[in-house]
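For reference, the structure I am asking about is given below.
Letters A, B, C, D and E mark the chains as written, and numbering starts fresh at 1 in each.
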Amino acid sequence: MNVLKKLFNGIWTSNPVLILLLGFCPTLAVSTTLKDAIGMGFSALFVLVGSNLVISALRKFTPQKMRIPIFIIVIATFVTIVDLLLYAYFFPLHKSLGVFIPLIVVNCIVFGRAEAFASKNSIIDSLWDGIGMGLGFTLTISVLASIREILGNGTLLGIELFGKSYSPVIVAILPPGAFMTLGLMLAGMNKININMEAKRKAREKAEKEKSKQLKASVANG
Amino acid sequence: MAEKVTFRKGGVHPEERKALSETAPLKKMAAPEMLYMAVNQHIGAIAKSLVKAGDKVLRNQLIAEGEGAVTSRVHSPVSGEIVEIKQMVFPNEAKVEVIVIKNDGKNEKAESTEQERNLPSSKEEFLEIIKNAGIIGMGGAGFPTYVKMNPPKDKTLDTFIINAAECEPYLTTDNRLMLDYTKEFLEGAGMILDMLQIKKCFIGIEENKREAFEKIKSENKDARIEPKLLKTKYPQGAEKQLIYALTGRVVPIRKLPFEVKVIVQNVATVKAVYDAVKFNKPLTERIVTLSGKGINEPSNVLAPLGVTVSAIADFCGGINEKAKYMVNGGPMMGKAFDNTNLPVTKTTSGLLFLAEEEVSSEEENVCIRCGRCIYVCPMGLNPTFLKEESDRRNYEKMDDVLDCIECGSCSFVCPSSRQLASSIAKGKQRYAKHIKKGK
Amino acid sequence: MVKLIILAIDSMLISNIVLMRFLGICPYIGVSKKQETAAGMGFAVIFVMVMATLISFFIQKGILDPLNLGYLQTIVFILVIAALVQMLEVTMKKIAPALFDALGIYLPLITTNCTILGVAILTIQKNFNLVEALVFSFSTGIGYLIAIYIFAGIRERLEWSDIPKPFQGAAIGIITAGLLSLAFFGFTGLVKL
Amino acid sequence: MKDNIMQVVKLFIVCVIAAAVLAWVYGFTKEPIEKSKKSETLDAIKIVVSGMTDQMTIKDSVISLKDDTAKVQSFIVMNPDSTVYAYTIKTYTSLGYGGNITMMVGVDTSFEITGIQPLEYSETPGLGTKMTREEFKSQFLGKSLDNFKFKAQKDGGDIVAITAATITSRAVGDALERGLNTLISNFKTQSDTIKSDSVAIDSAITGEAK
Amino acid sequence: MADNKFIVKPAPFLKKPTDVKMIMWTVVLALIPTTVWAIYLYRLNAVIVILSTILFTELFEMLFLKIRGSKKVIATSFDGSAFVTGLLLALNLPSSAPWWLCAAGAFVAMLFGKHIFGGLGHNPFNPALIARVFLLLSFPTLMTTWKQGMSVDAMTYATPLGILKTDGIEAVKSMDLWRLFAGLPVSGVGGGSIGEISELAVLIGGLLLIVLRVIPFFIPLVFILTVYVFTWIFNAANPSVYASPMFHMVTGGLFLGAFFMATDMVTTPITPKGKIIFAFGCGLITSLIRLFGAYPEGVSFAILIMETLTPTIDKVTKLKKFGA
């Protein structure tokens, strides 16, 4: 399978947050600053890739009935590893991500990919799927966090952007701002897809017309 | 000053506009050359034509009859020849069989009709006469009167109410009838009280018809009959609202008036009963109000049934170029139609020819939830909710549509000009079908 | 006592689990098309949340802490919750079929509802005692019920609305939740923890 | 039957492996995690005590707040020669707009403020949270109970309040005043006794004050 | 006979002449006393705030209508609803609000308050309130510092409720309640939002709306009475902490909210019983926020919170049918 296509699928075509509507909780909660968002994104990416790999590797070994507990254990193990590593080496990040690190366990993106993809596909494919999905998640949460941080704090990655005279839209970094910004992003994504769909249909129609004309001209000729 | 009563819940005050035809004296219209008798002017089983093209008929001769418990009959208003039996489309969008009669001008009447006869000796005989005379509720609903006057055995009646509210704007037929046929009307009422063995009769008259009220009051000798003045408010003529206004009794939801020992009849129906019982005269004519700025001479016409709208309009000076809407009935509940060849039927109380400026024709807008429709709904419904659910055919949530009396008060007040009543009426039909299918 | 009441009000309204803490958003958006189902989900969440919190509380205090196995918290809790939901489904069907009919269909959805695990972990993180854990989990559940129930009411009304196409579905749901959250800011400071 | 047993065995194997992996990871992260736990307090101390060097040691003690029974943590920064370099206290106030405000205050040996650092608070974003800004914090540098009234100017004190956040400003004043009082009453007279048992930074700071 | 073409449409053919436009412009009319008083107090500042807010609101209304593909952009944007939103929002801003704050508020009101839900009639929350709360959370300093009316100095002060919250009851005890009621300047006290300074002016407009039957009298009555009763209870229990009910009557946005925002038809319950519950809830939450909350004033929040309950209230207060 084409690797780029796989990645593009995770990042855009079936973006886990904006298209599959999964993983809203961490997306909303950990997007007050870009730094946290990237941390969260990569943590989820790590868990996704890890659990996808292991579950894919174990797919012949895993009995159908014990599937779910095994998935849970594998995922939870990776989550705990992330939790411990962050605690040990990235303490400020660990502190700001808080309860949302252990909650990666119940993040539907991870479980969903394990169930829908990794348990049925080869290790390599699962790896790329995990990376694609992880990047899609990371990118989405980062974009959201960038908007919120810039608007709500006037900074990006902690760097002041507009100087003292800028008065930040504080609501952007408060819970309502998270919901509203994500909602607008979802709507934007929908809009793009609607437009692309319309264009595709128009193109198909035009092609049909063309072939019709062609046929007609052939028949006439 | 007499005490004035009215119903409590909801109601509106549309401009009355009765002045146009109120003072016009009753004009009698002679039968024109062609008459069109629909076989289905009532609620219930459709009557079947008893005649065929080429048949000769006499005045008052029975020409169509239905079968079943609830049905009615149709009689010829003139003597003449049956030209054809054809289908016509009526404003309620239903195709109806119409018997076309060519008037021979001889005006020969059928034997034993239109002559004084003995009063019936029993209730059964009385009801039989009414049934044979083809009398139905002439206020607009068209429910066969003999059925209505014969409630189930276990129900007793103690009050007879004559509906003279005439709450619809423009209409003045009942008013005219009460003024011009006071004696007959009162005698008819007494007759019904005798036959149904009821002790009390209220005549509910809105205060904008004070003249009729005073006249009836002064001419009435019967102690059982009491004319009562009603505060003008629409829809006072609706059965349940009128019963409440006059007796304070509340008809339970989805039940008929006899649940509270009451029957209600329209003024014109009472007069028709009088004609049938006293003179053996079937229902072949009625008073129609022609009004609106689109008719040259707004008037009240005693017309034979079956005359076309164009014929009766010409009789009243013709339709002028202002007329943009034609309405069968009152402006609140009547139906618009565009075919002047349709005939007058037993339930045609008014024909309105309305000019642009008389009619609101604003575009429907979005609901702003002002709640005005709720305040005016006489049935205590939530019209805006029912409209939304009706439009969406959300059958689970629209059971209340069955309680709508389609009075149109909601549409009347809606500041967004939403067609609430008609949407709900449509929903009501659909829902009724849906329930039937379910069973 | 006062402290418990304050804790209850705080976790119900002020720090509402959905609108302020961002937990359980997926079922919040997913199971809120109708008020009846939202109420069912809400009650199921309360029920499971209290049980899961208490059980995981005992496991933490009775097993993990003494054995110094705190790092196994996540894995143990999620297994406990998954097992609990399974068991609840079976026993409820047998013992209380009426309750099962009302709440049963929501149970499988609850395993992936991060409020359950979230509250269980928060209870340990905040170092609550048993009574506090009980009050915290119960009132958080009530907060979830409140949030999802009123949200479902609004969404039912939005069914009639002429929402622009790109906003239909999850987008308008999320934004409406944001506006609810905006409104709930009014409760700020009613009690101070 | 055999199938079922196999399934359970497989699940068990997965569990064992998972536990083993976690135990291993836990093993090598244990030390750094302990360090992380302390780093928060340590970082705060470094912020409020200027000019700290790696050669200095920190000694912690739990002391009672003056006018209050609550116990708070205090840290004494010692020079390599075992003389006191600075004192810090994790003081708090309950007068904050959104509840408690905990803050680290550092003073030099003459009990003049060398720095303050709010640690935990739930003040209104955009209003009360401005107390973390330098403009606000810097007005307390070099101030002591003798040369500064820890009340808002509006109440006759010296604190330049945050616009539209008088309550937070007052609360900060309250926390500082009580912290300073406590430090003075605990350490002003007994600075000699501290010298004897100073310990290294790493092992001294344990957890957070309850 | 004339050769007429007849139009067929459903009954009824008569309609009460009141329409949405009329209702909206009546509300605008009723806000004139408040507006005039605001301009009298703050002169050019108030004019700028009011004009720019309305202007931006109308502009964004047009813009979003255009984007949504409306065919009657101009007609719809002048149906009065956007004007009312703009004016109400302006009256909820401080006189010192810069133009960009007005624009931001107008943007939020029109986008999040109205058009993402499909425009007039579909919005679950009052657009002006959404905007106000949004601004309050976003720009707390700008939204909570006030100039005094009729004065030329640039000093800013807190509102009476703000002073009560910050400095306690002693600081407000000596205030002249009649002056506060009428909206006359009181020394050391900031006026508050330009529309909530004079309860008297709001009351005049509100009574006009009641007389013209645009709003039912019981919504403001129940709302205000509930606040009175609750603040009276606490005042009676502990007068050294809680201010008198009369103080609560004449300060803050209680009247503006009760007469002009809790009566917003689109976002409040539709049944009369529901409206009463709604008004009571608003009063209760307003009192709670004023007495115990973090914010000195709770009217906007209270109405917004109750608006989240509107569909639910509508459901539980189903009407009784005639004969049921």
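We adopt the following convention: a contact is a pair of C-beta atoms (placed from the backbone, for glycine too) under 8 Å apart; a residue touches a chain by one contact, two chains touch by 3 or more.
Please read all numbers here as calculations on a predicted model, not as lab measurements.
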Worksheet item: If you average the Cα atoms of each chain, whose average lands nearest the overall Cα average?
Response: E
Discussion item. Please tell me whether C-D or D-E has the greater number of C-beta pairs in contact.
Written reply: D-E
Worksheet item: Taking each chain's centre as the mean of its CA atoms, which one is farthest from the centre of chain A?
Response: B
Item to complete: Using mean Cα positions as chain centres, tell me which chain lies farthest from chain E.
Response: B
Practice prompt. Using mean C-alpha positions as chain centres, tell me how far chain D is from chain E in Å, no decimals.
Written response: 45
Discussion item. Roughly how far is chain A from chain D, centre to centre by C-alpha average, rounded to an integer in Å?
Written reply: 37
Item to complete: Averaging only over C-alpha atoms, locate the centres of chain A and chain C and give their separation in whole Å.
Response: 24
Worksheet item: If you average the CA atoms of chain A and of chain E, how many Å lie between those two points?
Response: 41
Worksheet item: Which parts of chain C, given as residue numbers and ranges, touch two or more other chains?
Response: 71-72, 75, 160, 162, 164, 167, 172, 175, 178-179, 182, 185, 188-189
Worksheet item: Going by the touch rule set out above, which residues of chain E reach two or more other chains?
Response: 112, 116, 119, 122, 134, 137-141, 294
Response to the item:
chain D residues touching 2+ other chains are 18, 22, 26, 97-98, 124-126
Item to complete: Enumerate the contact residues on chain E facing chain D in the complex.
Response: 137-141, 144-145, 156, 158, 165-167, 294
Worksheet item: Which residues of chain A touch chain E in the complex?
Response: 167-172, 174, 176, 180, 187
Discussion item. For the complex, give me every residue of chain B touching chain E.
Written reply: 9-10, 12, 14-15, 91, 169, 240, 244, 250-255, 294, 310, 313-314, 318-321, 323-327, 329, 331-338, 352, 354, 358-362, 365-371, 374-375, 378-382, 384, 400, 403, 408, 411-417, 419, 421-422, 425
Response to the item:
chain A partner, complex, touching residues on chain C are 19-26, 29, 71-75, 77-79, 82, 111-114, 117-118, 121-122, 125, 164-175, 177-179, 181-182, 185
Fill in: chain D partner contacts - residues on chain C that touch it in the complex
71-72, 75, 188-189, 192-193
